[in-house]
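Each chain gets a letter, A, B, C and D, in the order it is written, and its residues are counted from 1.
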Amino acid sequence: MTAVLSPRNIADRLEKEFPGSIVSSDDNSFEMNSTFLVPAARFLKDTPGLDFDFLSYITGIDRYDHFELVYHLVSLKHNHSLTFKVRCYGRDNPSAPSLTPVWRGADFQEREIFDLLGVRFEGHPNLKRIVLWEGFDGHPLRKDFLG
Amino acid sequence: MTLKTEPFVVNIGPQHPSTHGVFRLRTTLDGEVIVDVEPIFGYLHRGIEKLAEERTYGGIIPLTDRLDYLASMSNNMGYCMAVEKLAGIEVPERAEYLRVILAELQRIASHLIGVGAFFNDLGAMMTPIVYMIREREKIVDLFEMLCGQRLTYNFMRFGGLSQDIPEEFLPALRKFLDQMPRFIDEYDQLLMDNEIVLARSKDVGVLPAETAINISASGPVLRGSGVKWDIRKADPYSVYDRFEFDIPTGTAGDAYDRYRVKVEEMRQSLRIIEQAVAQLPGGPFRSKVPFLVRPPVGEAYAHIESARGDLGFYLVSDNSIAPYRFHVRAPSLINLTALREMLIGWKVADAIIIFGSIDIVMGEVDR
Amino acid sequence: MNIVYHGIAVPDMKQLPPDWPGGFFWHWLVFTVIIFTFVFTLVMAFTWVERRGLGRMQSRLGPNRAGPFGILQPVADAIKVLLKEDIVPSRSDRIVHWLAPVVAFFPALLIFAVVPFQNGALLADLDIGILYVVAISSVSTVGIFMAGWGSSNKFSLLGAMRNVAAVVSYEMPLVLAVIGVVLIAGSLSMNQIVLAQDIPLILLQPLGFLIVFIAGCAEINRSPFDLMEADSEIVAGFHTEYSGMKFAMFYLVEYAEALALSAIIATLFLGGWRGPVLPPWLWLVIKVFAVFFLMVWTRTTLPRIRIDQLMALAWKFLFPLALINLAITGLQVVAWPDALPWTMIIVNFAIAAVLIVLWSRLFKVGWGRVEV
Amino acid sequence: MEIVPERPSLIELDRHEGQVIEDMKAASNRPLSDPVAWLEEDIERNILLTTVDAMINWARGSSVWPAMFAPACCAFEMIAMAASRFDVSRFGMEIFRASPRQADLMITAGTLTWKMAPNVKRIYDQMAEPKWVLAMGSCGVSGGIFASSSYAVVPGYNRIIPVDVYVPGCPPRPEALLYGIRMLHQKIAKGSLARHDN
């Protein structure tokens, strides 16, 4: 059984490592400040004992006033998992740092979020529309998208 | 003086015999050798994630059928598990066993097509796939017995199945279980040691284990690279922890290993089904679930080992009858992440079989 | 004025103009008609045999609605394809695009000029029959390359390039293996080679037969060497842009070449028209079908190999074996011209088996990537 | 291996393709009519023409070569139809041509999205006359379960190309597809050289 690590615990460690990086935490996940995303991700990936080598999925949720990005990490070595979230604000040009340099698996998923939700990922090597065509008007998964 | 040739851009797809649907590779070729490639998706993007936001939870089950249309039962199962997790619905034991049987049957059916299509890409003039479809038809018949459909089953419900299995299902299943190992052996005999198959697929399209993990590959692609990771063992869902089975892994991570892993997985699936049939308990096939599910505010993620890998469903509920957000972790899409570097430097003919060995379904890639 | 050869009288047509009015003219006319009929009929029969055979081998039925047992299926196909619209792509080189099927088609037909249907019954009993076959058979490649170039389609060009590479490489082992036959028969003339075969030469030249069959299959794009029209890789290869009648020509070329190869193999190795009881031409047809069935069989069974493996197979496997085969045959012909056939058969089969096993140990198809 | 940034020319190409898609989306908001009315009465034909017609139509109907075109789910019912159990080769149809130039029939086995629509139109245009289109499955007929509100799905192939035979079902069973093909054979049998149909 994949053990779910306590998000509070991890959040405390991250806060100690990168002061100011954690916004809040509860029993299921913790929320991270987007500026610390890449260093924190490297920390989670490389720290012995955590070893989150497998980025299971990324997804985005439109919460009207902000976009919530959900990251789900798994460690194949220790068979444990972790969920954390990042908020990005603004409807016009919301952005978050890209995790592609850390986990290549983020590549297509970030492009998909960019395509369907319109969240820009800074530092992504090839950020362009993936499933829809160039010139498509709007981002379909936004709640205010008019089909 | 060195002889130089001009690289030229060739579009493989979206309508191409070997792209397994509508997939496009914008390749730059130098003679026969691929120097650059850009995969282009979206030719089957139907907006299922958006459509799901305006349907009831139950109404999404038919949509999940059409994600990975070669493994509808697995999709149904993953989605129902996510909703059950979100709404806290209990599943009776009999339903769990039947779900396992159906999901494993579906895995065999899907791998049969996957392996057959792989040989088609190798250029085997339809013969292997015709034989493998012959076997798949037997599984399809079993499913048809349950729900009357051949491809998009829409059979599972929250808290169980839509109906109990008919009387004649188990005898038919036992007959299938008796026959199938012989057929798999026959395919092995005909194909496994074929000199041309070995020459074409050994050491072709190698995906090293570190890269496979880093790109979040899963399923036969990850296991072909030698990583022993299977959700059924690592994070046992349903009643998988009660069965004995092995996780076949490859060593080199080449196209041949991915094909072998699929064949071995069929054998293991047969083992699981045999055990599940032997242990199949009685009792209800579905728990009492309201017609319109209204899960509490929250979110849930459930994942299963589908035929193509780690298939996950992420649901966010706002306590209405439709999900606020419905996300699919599509293994086919994520397995393709390393496609570019797997293809560069190989010839067109190799590109086709590397792509074929990853075994994707476009419905799931584009959603 | 017959030449006595191996104890059989052969009409010597080069020295004896027929004394009927018109001389050779009627001979040519009659044989041209016979060859056209033979080729078109057998090509239709071939497509039927292939589709029914493929069907049976894939546990299906195959075409069975058009006529009894579907024997009218090739007729329906032919009428339909001929009446389809002929599309010339706007960017294509029109003249080359138009000329390509013709250039590809006629060499396949011309080969039959030297294939004997029975003793002395052939259009032209050339002294250099084999040389003629070898020379003519490669001309089709020009047509195929024209098709690839003239279509101005990238897939077509790839297919055409592959075809040229294959033909250039496989001509070598093919010719070397055929020379073994010539050494035993002591003549280059197709008719005299048949006359020399008191026992079919496949028994004396098992290795040569295999090399000619494999190299021939590679030259005429039969599976597993059908890289030029590999539909899972390059759509339809050189004839991607062809429709209607021109496509029908290419379809015809494909099977006419298979027919030509079958006829040549039947003539060189299986004793041509010779056989008991049945009329000679029927024996030839039976043998042609036997060889063609082998081709259908390999087509259903084997996956396709890659272009560099195709090259490697020609140069690393077939070419050395053909050389060795030629050397051994030469030695046998010089040293033991009067050896008992049965001892030679046993010796040659043993040599072939040993060589193949040995060479397949030394060489694997997948080894060594040859860049082309 | 690092990922090389996109070359500007390819982005331009993408924009151009996007523009083509938008144009097509704007242009096709009404279904095209079927090529020939189904139950049209036989027109006056003399005996010679009738015989020629009969032979040509027999030939065309007996060897309908489908194009290899498999967008989505229905493709697997199409493949099942071509495999040994349902065996469409009986009708001389097992030759699936990879090149649309040589195909007679397009079996639209699956959902059509706007992104794919220009390609489908192009494949149809590349096919040589006479050609037929069989809209397979609900998606092919009307967009199916995606038609109601999806932003990406074309509601039926007949927005893009004229369709001869419609086979409903999601996906239709191979038997249903075979029935549709028999209907197409009937339609082909009604064709005539005397007028320029489809």
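In the analysis below, contacts are C-beta pairs under 8 Å (C-beta built on N, C-alpha and C of every residue); 3 or more make two chains touch, one makes a residue touch a chain.
Since the structure is predicted, the reported quantities are computational estimates derived from the model, not experimental observations.
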{"item": "Of all other chains, the one whose Cα centre sits farthest from chain A", "value": "C"}
{"item": "Distance from chain B to chain A - Cα centre to Cα centre, in angstrom", "value": "25"}
{"item": "Between chain D and chain C, distance of the C-alpha-averaged centres to the nearest whole Å", "value": "38"}
{"item": "Length of the line joining the C-alpha centres of chain A and chain C, rounded to whole Å", "value": "63"}
{"item": "Inter-chain centre distance, chain B versus chain C - centres from mean C-alpha coordinates, in Å", "value": "44"}
{"item": "Sites on chain A at which at least two other chains make contact", "value": "107, 129, 131-133, 140, 145, 147"}
{"item": "Multi-partner residues of chain D (each touching 2 or more other chains)", "value": "3-4, 68, 83-84, 98, 115, 149-152"}
{"item": "Shared interface positions of chain C, touching two or more other chains", "value": "54, 58-60, 231-232, 235"}
{"item": "Pairwise chain contacts, counting only pairs that touch as defined", "value": "A-B, A-D, B-C, B-D, C-D"}
{"item": "Complex interface listing, chain C residues touching chain D", "value": "51, 54-55, 58-66, 70, 72-73, 75-81, 83-87, 231-232, 235-236, 239-244, 247"}
{"item": "Of all residues in chain B, those that touch chain D in their complex", "value": "14-17, 21-22, 26, 36, 38, 42-48, 50-51, 54, 62-63, 66, 69-70, 113, 129-131, 133-134, 137, 140, 150-152, 340-341, 362-363"}
{"item": "Residues of chain B defined as touching chain C within the complex", "value": "8, 10, 16-18, 29, 31-32, 119-127, 130-131, 134, 194-200, 202-203, 347-350, 352"}
{"item": "Touching residues on chain A, where the partner in the complex is chain B", "value": "1-2, 28, 53-57, 59, 61-62, 70, 72, 76, 79, 83, 103-109, 112, 116, 129-133, 140-141, 145, 147"}
{"item": "Chain B-touching residues of chain D, taken from the complex the two chains share", "value": "1, 3-4, 10, 68-73, 75-77, 79-80, 83-85, 96, 98, 100, 110-111, 113, 115-116, 119-120, 123, 145-146, 149-153, 170-171, 173-174"}
